[in-house]
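The following pair of complexes shares a single chain, subunit A, combined with subunit B in the former and subunit C in the latter.
After this line comes the complex of A and B, so read on.
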């Protein structure tokens, strides 16, 4: 009835209260939101974060403009490190290797993990068991992932070359790792193995968010599976697809342990990636200034690719 | 008919993919029972007997109790510290009143920014900072691990704490709660599910972390598990059997842990991606 005040505890009362909250904000919280509480509770996190995340980035960029061998003072050399980088053959090799791994991993992971997610989203017996097993490489240490694959790819003791020999296809034998050509491709495959289940799971989570009645309507309208995927599922999965894409981009720029274990960047730095090269310049050659300029460039490059990817996909969405 | 054939194809594909993914693990287990010379001379043969020499050798070379002890030590301290500080700061960002809303957003954005910062640019500077503070050995790992968890924890905790209704705070305040009671006795118990997610994600991260460990740890007595795995390779370049056995001994507990907490682990690892 109009004009009558609502009974406390009734639905109308609660609704009114909620409306008031929206208008006035957290009225009760106001009493507890004293400045000293807020500062006291925020400071530990802000301090650790600033000292161990933000400050190091600044320090790294500063070192990248210096020559520093760990002894004495770092000497400011301006852009010399960056000029050297452009003429450094090994830098370009690592750049090329990183890009090979990036393109291969990106294409393979994005398409196949999506396809496998579609497959495993069906009602099949033992599908949960299969999902669990496919996910398992993602939880073990990347350093162990590298070790495992040595026993598969090694030219001498690895299973691939030995199987090829055994079936009389010895001509196809190759130096999958440790040679001068194939290492980045092999490393991309190892990375694919490690990430597949993880990305499949994210895709399945995205598929589950598509309302069932939409898919039913598509079926009733007589769309083929291909049409369904092309015109309904992919457009509805835009956010998930970009999430996965960004995960792959940033992930490829963090591949480190796998390279260390399988090839160590060798022979002659031929299988080095940007990350391993910057690591080896910094910690093996003690060329800290140059190492930091490599780290800075690597970091900026991964940010750049992510940014390019986001703008391109945003534009396409209109 | 068509449907049946389609189902059959789906089953075959599923089985094939699963076998391909699992195969490297199985192969590892098989190899661990072969002697080093068997691995070198006939890589494809199955082990003739169950030979535990590799495991014995791995145990002699690596001090497993110590590796596990170090890893658990670093894990527990980092986790305890990061949970306390990020719970408090997320509580402020999610539930407290700010005069200036922009300032709240700025702080949140600042803390989330770390998600896009690669750990590799941090390694050397963090090493220098640790030296400056006199942090050495295992202790040198704790602050980097806490710091790298902050962005992820903030993302999940703030998101979850915002979703709890504000009536809770009101009821608590009316009942005479002060800020500590409200945070620890009222809100914290309700945050359990997301804390479980955060714990699992970070335990796995710390357990598997290698780049920071390889830079900060100099003494073998400080080594964590991932360092132990790489150490074996460094000293016995040709002892393939020993490397395999030690890797199996590091993986098995992880896989058992995964078997028990599979649902939580999968959720924990994908939570950031699905929500972010």
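After this line comes the complex of A and C, so read on.
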């Protein structure tokens, strides 16, 4: 009957409800689109971001121009900390170690995580189990990862050297950690092991976004697997690849717990990264000003590499 | 219209500022005021450098419990506990925002910095009011005095040296070290121990470069106390003849294979474990590990100050009985009479006879000396230390590593471990110390 409300659950009732929701949604969207509300909604996020991210960065940069022990007044020393930094051998060792880790992790992680994602994106036997297995290191706290790897790499109690001894290959034993050469490489491998599963998952998600009919069309056109990857998958995955690359770059500049747990930066700072050296100078030597200058350089370096990478990839896309 | 906009703007600024204030925890206040618990007792906070005082600083925990029991309803001491590194960081932050606990343990090399910043209470008045405590401290408090007064009191007395396992020495047919054992004899002992397949001297450098107590004796016997003033004043260098000879001895120990192969990847606690398990013959530490050695090594334990050196004119008859890092009192305590009274009561108890007794029971040498307080027969480790102290040798006013600023201290640790691990030559390590000193000025 006209004017009568529809029976709940009936088709007309559902249609009317949908229409009303749509109308409410549109009103809400219209309300949201007003500039003042947009700004209002952004304020809390901007406030939190400014207080917890921007402000500490500004404070750290400010302290990098001072001499400060953490207690009392900081004394302004101009560029003295930065001048000292370039003459500091340990800074260059930390820089070299960070770069070794960066190159190794970048090359290995980007290529292998992509390759494994391609493999796991197929319908293979035990694919879900494999995914879980590869992802599992990513859910272990980095400090625990460090402990696990000490038992693998330690020159005395580590599995590797003991196995080499047991199979009569004692000559191959090495100071995988704690020596003066191999530590940064070992730390890069540990970081690779820890991050692989996480990045594979991101790549798999990217692969799932590629429309099935495009891939089907490629196959019908007779493209080989290599051609399919090179001309279709990689170009369509550019955004995902960029995301993963930025994650690796920023991640490498934050490697801390693994170094602390495996070598503590030693022996004699030979396995320090920029971050651990900054921490050591700030908190062990109570040289806050110098520690902050190291942190500032690390921050700028990470920013620079990310910017260079973004520019290069954008140019290629263009 | 303009007025309305202005009002809105002002309101927004006010709200933002209030939020900021809330989020950053601005109280606008200075020090913490006295708090009371449910029984009405004044609560005194004690910032301590271990996460679990009952387990890791059992003696201090026992003293606090005894004090709380004796002062029920009147005063209550509560720990603010965190591991050493976190504790040091926290105290600095609290010193900055004026929320220091009333009493707190201070890293030795950082204590003068706190004093200079004016955040510590001058305890001269406390010592003047308690002459018997001053006498019992026997001058140990002198290490924590500067132009600002008595900025701290020794937390405990540290007796440092090398503990050894007699059983492993017997197996290696090595003589036990004595007060007369020279560095050359020591190298021979190391060789014998190494031949018997045990690690001669256990030590770990990972995250524990501070664990070099046995080498404080080396530094002292190469004239550290006489020379450090000149070095810090710029009249001399760390890279001098005496310290070069000292660092060459560290190198000699490395060359003799004295240390675990994986010293770079093990910590102080792992190194101690090797000694406790009978895998290492010697371990350099202080009296804080006595209870553990009693349990693991029992009456097979021995104690030695370290080797004598013949290539120096400095005195070799030096024992290492020194004040440990100090405890300080927040300057803010002076603003609250009741709180100050409570803190003084606690300090009176902490440096009193009952606490000294509790210390000995827990195998810790207290900072004070009272007649009658001593170790029992089953406290083997402490007794061998008491025997070593019986030779009557003098001790420096402070352990060498506690006489320099944090940055130089860190370079000292780094330099010693660099030589022990073969990454630095002695002169290189000493140059780094000079560079650290120059940078800290």
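Here is the rule we go by: the second predicted complex is superposed on the first by the 267 of 318 C-alpha atoms of A that agree within 3 Å, B and C clash if a C-alpha of one lies under 4 Å from a C-alpha of the other, contacts with A are read in each partner's own complex, and residues count from 1 in each chain.
To be clear about the criterion, a contact is a pair of C-beta atoms (placed from the backbone, for glycine too) under 8 Å apart; a residue touches a chain by one contact, two chains touch by 3 or more.
Only a predicted model underlies this, so the values are computations on that prediction, with no experimental measurement involved.
Undergrad: Taking the superposition on A as described, I'd like to know which of subunit B and subunit C A:71 touches: first, second, both or neither.
TA: After superposition on chain A, A:71 lies in contact with subunit C alone.
Undergrad: In the superposed arrangement, does A:51 touch subunit B (first), subunit C (second), both or neither?
TA: Both: A:51 reaches subunit B and subunit C.
Undergrad: Who touches more of subunit A, subunit B or subunit C?
TA: Touched residues of subunit A are more numerous for B.
Undergrad: Could you look at A:122 and tell me whether it touches subunit B, subunit C, both or neither (first, second, both, neither)?
TA: first
Undergrad: Give one of first, second, both or neither to describe whether A:293 is in contact with subunit B, with subunit C, with both, or with none.
TA: In the superposition, A:293 touches no partner, neither subunit B nor subunit C.
Undergrad: Taking the superposition as given, does A:268 touch the first partner, subunit B, the second, subunit C, both, or neither?
TA: A:268: touches subunit C, not subunit B.
Undergrad: Is A:149 in contact with subunit B, with subunit C, with both, or with neither (first, second, both, neither)?
TA: first
Undergrad: On the A-aligned overlay, A:113 touches which partner chain: subunit B = first, subunit C = second, or both, or neither?
TA: In the superposition, A:113 contacts neither subunit B nor subunit C.
Undergrad: Name the contact category of A:139: first (subunit B only), second (subunit C only), both, or neither.
TA: After superposing on A, A:139 lies in contact with subunit B but is clear of subunit C.
Undergrad: Check the residue A:98 against both partner chains and state whether it touches subunit B (first), subunit C (second), both, or neither.
TA: neither
Undergrad: Identify the overlap between the subunit B-contacting and the subunit C-contacting residues of subunit A.
TA: 48, 51, 156-157, 260, 283.
Undergrad: Spell out the part of subunit A that touches subunit B in their complex, as residue ranges.
TA: Those in contact with subunit B are residues 21, 25-33, 37-38, 41-42, 44-46, 48-49, 51-53, 55-57, 59-60, 63, 116, 119-120, 122, 124-127, 130, 132-144, 147-149, 151-152, 156-159, 162-163, 166, 193, 196-198, 201-202, 205-206, 243-244, 247, 250, 253-254, 256-257, 260-261, 275, 278-279, 282-283, 288, 291-292, 295-296, 298-299, 302-303, 306.
Undergrad: Can you list the residues on subunit B that touch subunit A in the complex?
TA: Subunit B residues touching subunit A: 7, 10-11, 13-15, 17-18, 21-22, 24-25, 27-28, 31, 39-40, 43-44, 84-86, 88-89, 91-93, 95-98, 107, 111, 114, 116-126, 128-129, 143-144, 146-148, 150-151, 154, 166, 169-170, 173-174, 178-179, 182, 204, 207-208, 210-211, 215, 225-226, 229-230, 233, 240, 243-244, 247, 250-251, 254-255, 258, 262, 265-266, 269-270, 273-274, 276.
Undergrad: For a test of understanding, state which residues of subunit A touch subunit C in their complex under the given definition.
TA: The contact residues of subunit A facing subunit C are 43, 47-48, 51, 69-73, 84, 150, 154-157, 175, 177-180, 260, 262-264, 266-270, 280, 283-287, 290.
Undergrad: Please give the residue numbers of subunit C that touch subunit A in the complex, ascending.
TA: Going by the criterion above, the answer is residues 16, 19-20, 23-24, 85, 88-89, 92, 95-96, 110, 113-114, 116-119, 205-209, 260-265, 267, 405-407, 410-411, 414, 417-418, 421, 423-424, 436, 439-440.
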